[in-house]
Amino acid sequence: MNWLVKIGGVSFELELPDALPGAEAEPLPDGRRLAWHARQRTLILTAANGVEHNLRVRSAALSRWAGEAATELSVELLASAAQGIVSLTATVELAAPGQSSRGKTEAVKAVQIRSQITGKVLKVLVGVGDHVAQGDPLMIVEAMKMENRVFAPQAGTVTQIAVKDGDAVQTGRELLRLAKD
Amino acid sequence: MNWLVKIGGVSFELELPDALPGAEAEPLPDGRRLAWHARQRTLILTAANGVEHNLRVRSAALSRWAGEAATELSVELLASAAQGIVSLTATVELAAPGQSSRGKTEAVKAVQIRSQITGKVLKVLVGVGDHVAQGDPLMIVEAMKMENRVFAPQAGTVTQIAVKDGDAVQTGRELLRLAKD
Amino acid sequence: MSFQRVLIANRGEIALRVVRSLRDLGLESVAVYSDADAQSRHRFEADFAVRLPGSASADTYLNIPAILDALKRSGADAVHPGYGFLSERGAFVDAVTAAGATFIGPSSRAMDAMGNKVHAKHLMIEHGVPVVPGSKGALKDAAELQRLATEIGYPLILKAANGGGGRGMRVVRKDIELAPAFEACTREAIAYFGSGDVFCERYIEDPRHIEFQVLFDNYGNGVHLHERDCSIQRRHQKLFEEAPSPYLSDAQRQKIGAAAVAAAKAAGYSGAGTIEFICESPERAYFMEMNTRIQVEHPVTEMITGIDLIGWQIRVARGEKLAFQQKDVPLRGWSMEARINAEDPAKDFAPGPGLVTALTFPAGPFVRVDTHLYAGYAIPSHYDSMVAKVITWGETRDEAMRRMSRALMETKVEGVPTTTRFHEALLAHPEFKAGTFSTRFIEQKAAYFKEKLAGDPAALAEGVGALVAAALTADETQRGADHASAQPPRDSAWRRAGREA
Amino acid sequence: MSFQRVLIANRGEIALRVVRSLRDLGLESVAVYSDADAQSRHRFEADFAVRLPGSASADTYLNIPAILDALKRSGADAVHPGYGFLSERGAFVDAVTAAGATFIGPSSRAMDAMGNKVHAKHLMIEHGVPVVPGSKGALKDAAELQRLATEIGYPLILKAANGGGGRGMRVVRKDIELAPAFEACTREAIAYFGSGDVFCERYIEDPRHIEFQVLFDNYGNGVHLHERDCSIQRRHQKLFEEAPSPYLSDAQRQKIGAAAVAAAKAAGYSGAGTIEFICESPERAYFMEMNTRIQVEHPVTEMITGIDLIGWQIRVARGEKLAFQQKDVPLRGWSMEARINAEDPAKDFAPGPGLVTALTFPAGPFVRVDTHLYAGYAIPSHYDSMVAKVITWGETRDEAMRRMSRALMETKVEGVPTTTRFHEALLAHPEFKAGTFSTRFIEQKAAYFKEKLAGDPAALAEGVGALVAAALTADETQRGADHASAQPPRDSAWRRAGREA
């Protein structure tokens, strides 16, 4: 499938291969090969001379919200630099081209606020119709003995509240919607 | 299914339950419950008062030869005794009743010799028609840098040899057959 | 006081840790587990287990009647409380004892005496252990304040006696500021809190958190096992600990340690305990409080002394005498502990419970991991976010630090976020490497951590990341050139990898 | 001699072990792997990897040209040989050096000198290290034998100079047996081997295998790191090791250790090496041979000294001086190592390569595991059967032993047989517990091990096993009573469990 990939500020269209090539992969045009070893969680980049560079994946998390075409991929790679050890992280946003990216299938002025954590809604601090400023607390979600505040990412009016006090929420669950001013 | 179970010298017919009861198991007649936790490799025996006794499985190996009805189950359980730690092992031979047990589907006078290990046949020491005494070496199978001799379990005449020098063999693979004297 | 079967009134890694020491001593273990913990390793690794119905802590691990019921049913004759939960409740000690079982820890009297901060502080003063200097109560007037300032030295902090939330507080750094500050503070105290009572204390700007491990038997014999430095904290939560502290000299170690032992002895303490100090400078360590239980960070002490602290808690409880004196307590090398919490350091440490889909922990020489995690385990959202402790040892602080880098590199947890990357950023900071940091380190270096933890796409675009991106792009460009138009929709291996994860 | 990227000419756990020490020192690692090892952890855990086509050792890990090619392609500038394979081949050292890379180990000259048993023995005699006493060559006559017998003492063994396979050998225990034995032995020697040459040596009935670890830098500085006791062997394969040895007194340790250091120094040795002794009694330790590489069992030495032996091999090779002298080498506590081999101890240790379907290794305080196994890994049948080493430490031998029991109890490997149960049986034996055993222990206690390892169904019928059997049977009996006749065929959960396993 073709994907819209954004790395940093640069976005480009990319067809990711059906599967990352396996150990028997065809060489890339420059003679290198890239193979994903799922069980070992290792991406191996093989140089033309056969030397393999191991890129170990510490964590790979894929976030895909129901009803949306966009997919967020977050990968943390471990590799050894000439001096010492480095760990690199990137979040890559993938969207099938032609399809709008996350949240854009909604009315352009609506912003969905989702839970970043799995936990319990301790208290909803706003009501439908309330006007909030950027940074205002919207609700408190408790997880692992900690209270976590959900803040407004921008100013707007609360148009919809999807949860109530005491609700259990999963990561990615929609909490409320804000209409932009 | 009904199974013929031999523990020690005692054999009895037994219908093993479809599945070992899960965590929500029905109680046994004496009020105890037995539940198998596959991921944790633990068999939990719960007393009538709710106290659970953990029987951890160190290894469970099932040997079933192709074309035979009998199944050998070897389980090693770890449990803590009042003083110190004990590990218990048992090999249970299971056979569906009515069906003959291992090797018995063959002509009663034929004995199949199987490889106990995975490795390579280094040398076959006998030929078809040879008469061998109990304990005579029949072939050498190499695995993990060690030479392992296969000995005749009883006296007899070699009627068939299923492998040749250099063959790779899996555990349980038939090596040769002996006709009893 | 002899016992054979010990109920562990706790969960997670510390319950497993206790099972191990019990097993070393030939004793049986009984786990208790809540419904949310039905798949937790501590349930399965103990010899016996008893369910505590419910999931909330109040219904389960804090529910004294439920635990006493489990004790009775399981036939256990002793209780180990672990840390947190009921471990510092005198009432629990009394309940266990009344049920005829041995509580593995101090007496409820010693626990309550040391647990009460005012009591404990008085006991410390009595035994010559320094506490934060200040006025005994409300200040009479500016003149009294001036006398105290001369005695204690600057900086000082003035606080409204009934105050809170940062209001009614003033830091004073010179004589000339003293009178105006006292007046302003009194005014605010009256305005906000209805009373003009103001007291003063020495103000500690960049404190170190240093704590001494003590161990006593039931016969009044006690030693300290040196100190731990727990200054790396975020919002008063310890994140990274080491032993010994790079801050103390040997003479200071001996002096503070001896004072800690004397004070605990005066309280009739028995078992393992920790005396926490707040340090303004190596010479100025003030008593803060005593924890009357095993600490999360006890392994670093075990690594530098070779002494099994939980094993000794149990041995002391069954009436054994300490087998060593102060002079026999080794201090060999250096040890560090990184707490692996299921929190995302790049998102303000937001907790992330959930399914652990893949897992690798470090191993090999001089590395230890205490954890209850396994691949396929769902971390419940009801309890603490700490899920593993990665511990290293080295002959020197530098070697322990380099081993920690290696151990963290081997640490891979997929499915939930962890603090692993935070620790890598910490180890890379020159001031941490130099051992010069206070409890305010994380707050002071917020910009540094933010940059390091942002998962900066620029970093990916450079270096190794570039190789991956380049390879993917090169592959794509080539294909794009070959096949002019749209491909049939295909599933990306990345997506699949993500799903498998 | 400075280097940055090190090729590890080995596989499995030792390759991983070397990666870890390299990482601790900030150096890069290059793995090599055969086709049979394409899924081995050492390939993935190293920073770089190069395939060696083929699977047989001769084509891969013993193939000097292939390894030199990998060295060149990977840009590595040093080679660590691990143990086994090419680790003691002087020709490999020379080839690596000729390719411009550093060999991490002794010079080929020192290696060959110490590797040649006759050379090494002469060197030892020169430096006052005792060797097994005996005749210098063939005996002239019975009279010479009598003189030697008086000098050396009984028991003696007479051996045909050209003999082998146990023939032409006679053990002599008293003067009166001497002349007849010499005549008989000479006769047999002529009859079977065509030469009447017979020599004699002291006969060691129940020897202990004790070895000293030495470590030298390139400047002639060397120390020993005490001894290891490796007497628990089966057919000359070590199975269980400990350090120190319960057999030696401190005075003997210092005496033998000093002699070992002197001899290695005379050979111009550099790096880590091991000098093996065969002990008839603590006072009678005879030089056997020197291993000019790291040993499988090096971790027990690391645990009692805190010194990273592989780290020091690397540091010495890059020109560092030893940072400690003999008096600074600690000896703290006790350590044990159990070799987990993929062999079935109940079936005469038949090797069992294959798929590891489930895996749990021990963790927690004072336990270390060195392994390349993971769940889902297929152990190849081409190489050694040793797949893991479980190592424990304790303040005393007893504590180390109890921790080993605990660690083994946590060790669970499904899919392939392992020697775990053998070690449990070993630890349960009173003579092992008492520390009184020789290299013939396993052979002498064959009946004990046979019984312990048989998986005795009687044991299952008793004790805990009875609970399971009873539960299953009770369940069945009940069902049998309820439903008179045959049930529809159903799949047994045990079968399923076995299949999942």
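Per-chain residue numbering starts at 1, and chain names A, B, C and D are given in the order in which the chains are listed.
Quick note on the criterion: a contact is a pair of C-beta atoms (placed from the backbone, for glycine too) under 8 Å apart; a residue touches a chain by one contact, two chains touch by 3 or more.
Every value quoted in this text rests on a predicted model; they were computed, and no experiment measured them.
Trainee: Is the C-beta contact count larger for B-D or for A-D?
Mentor: Result: the pair with more contacts is B-D.
Trainee: Roughly how many whole angstrom separate the Cα centroids of subunit B and subunit D?
Mentor: Chain centres of subunit B and subunit D, defined by C-alpha means, are spaced 31 Å apart.
Trainee: When the centre of a chain is set as the mean of its C-alpha atoms, what distance in Å lies between subunit A and subunit D?
Mentor: Taking the mean C-alpha position of each chain, the two centres sit 50 Å apart.
Trainee: Counting in whole Å, what is the centre-to-centre distance of subunit C and subunit D, each centre being its mean C-alpha position?
Mentor: The answer is 40 Å.
Trainee: Multi-chain contacts in subunit C: which residues touch at least two other chains?
Mentor: Counting only residues that touch two or more other chains, subunit C contributes 23, 26, 45, 405-406, 409.
Trainee: Subunit A: which residues touch two or more other chains?
Mentor: 53, 56, 79, 84-85, in rising order.
Trainee: Chains as vertices, touching pairs as edges: which of line, ring, star, complete or other describes this one?
Mentor: Its topology fits none of the listed shapes; call it other.
Trainee: Mind giving me all the chain pairs that touch?
Mentor: Listed in label order, the chain pairs in contact are A-C, A-D, B-C, B-D, C-D.
Trainee: Show me the residue ranges of subunit C that touch subunit A in the complex, using the header's touch definition.
Mentor: 342-344, 346-347, 350-354, 358, 360, 381-385, 405-406, 409, 411-415, 417-418, 420-421, 424, 455-461, 463-465, 467-469, 471-480, 486-487, 489-501
Trainee: Mind pulling up the subunit D residues that touch subunit A in the complex?
Mentor: Within the complex, subunit D contacts subunit A at residues 4, 23, 26, 28-30, 38-39, 41, 43-51, 73-75, 376.
Trainee: Provide the residue numbers of subunit A that touch subunit C in the complex, in ascending order.
Mentor: 1-3, 7-8, 12, 14-20, 28-30, 32, 34, 36, 38, 41, 43, 45, 53, 55-62, 71, 73-74, 76-79, 81, 84-91, 94, 116-120, 143-146, 148, 171
Trainee: Any idea which subunit C residues touch subunit D in the complex?
Mentor: Listed in rising order, the residues are 16-17, 20-21, 23-26, 45, 299, 302, 306-308, 310, 330, 332-333, 361, 363-371, 393, 395, 399, 402-403, 405-406, 409-410.
Trainee: Under the definition above, what is the set of subunit B residues touching subunit C in their complex?
Mentor: 23, 37, 39-40, 42, 44, 49-54, 56, 79-80, 82-85
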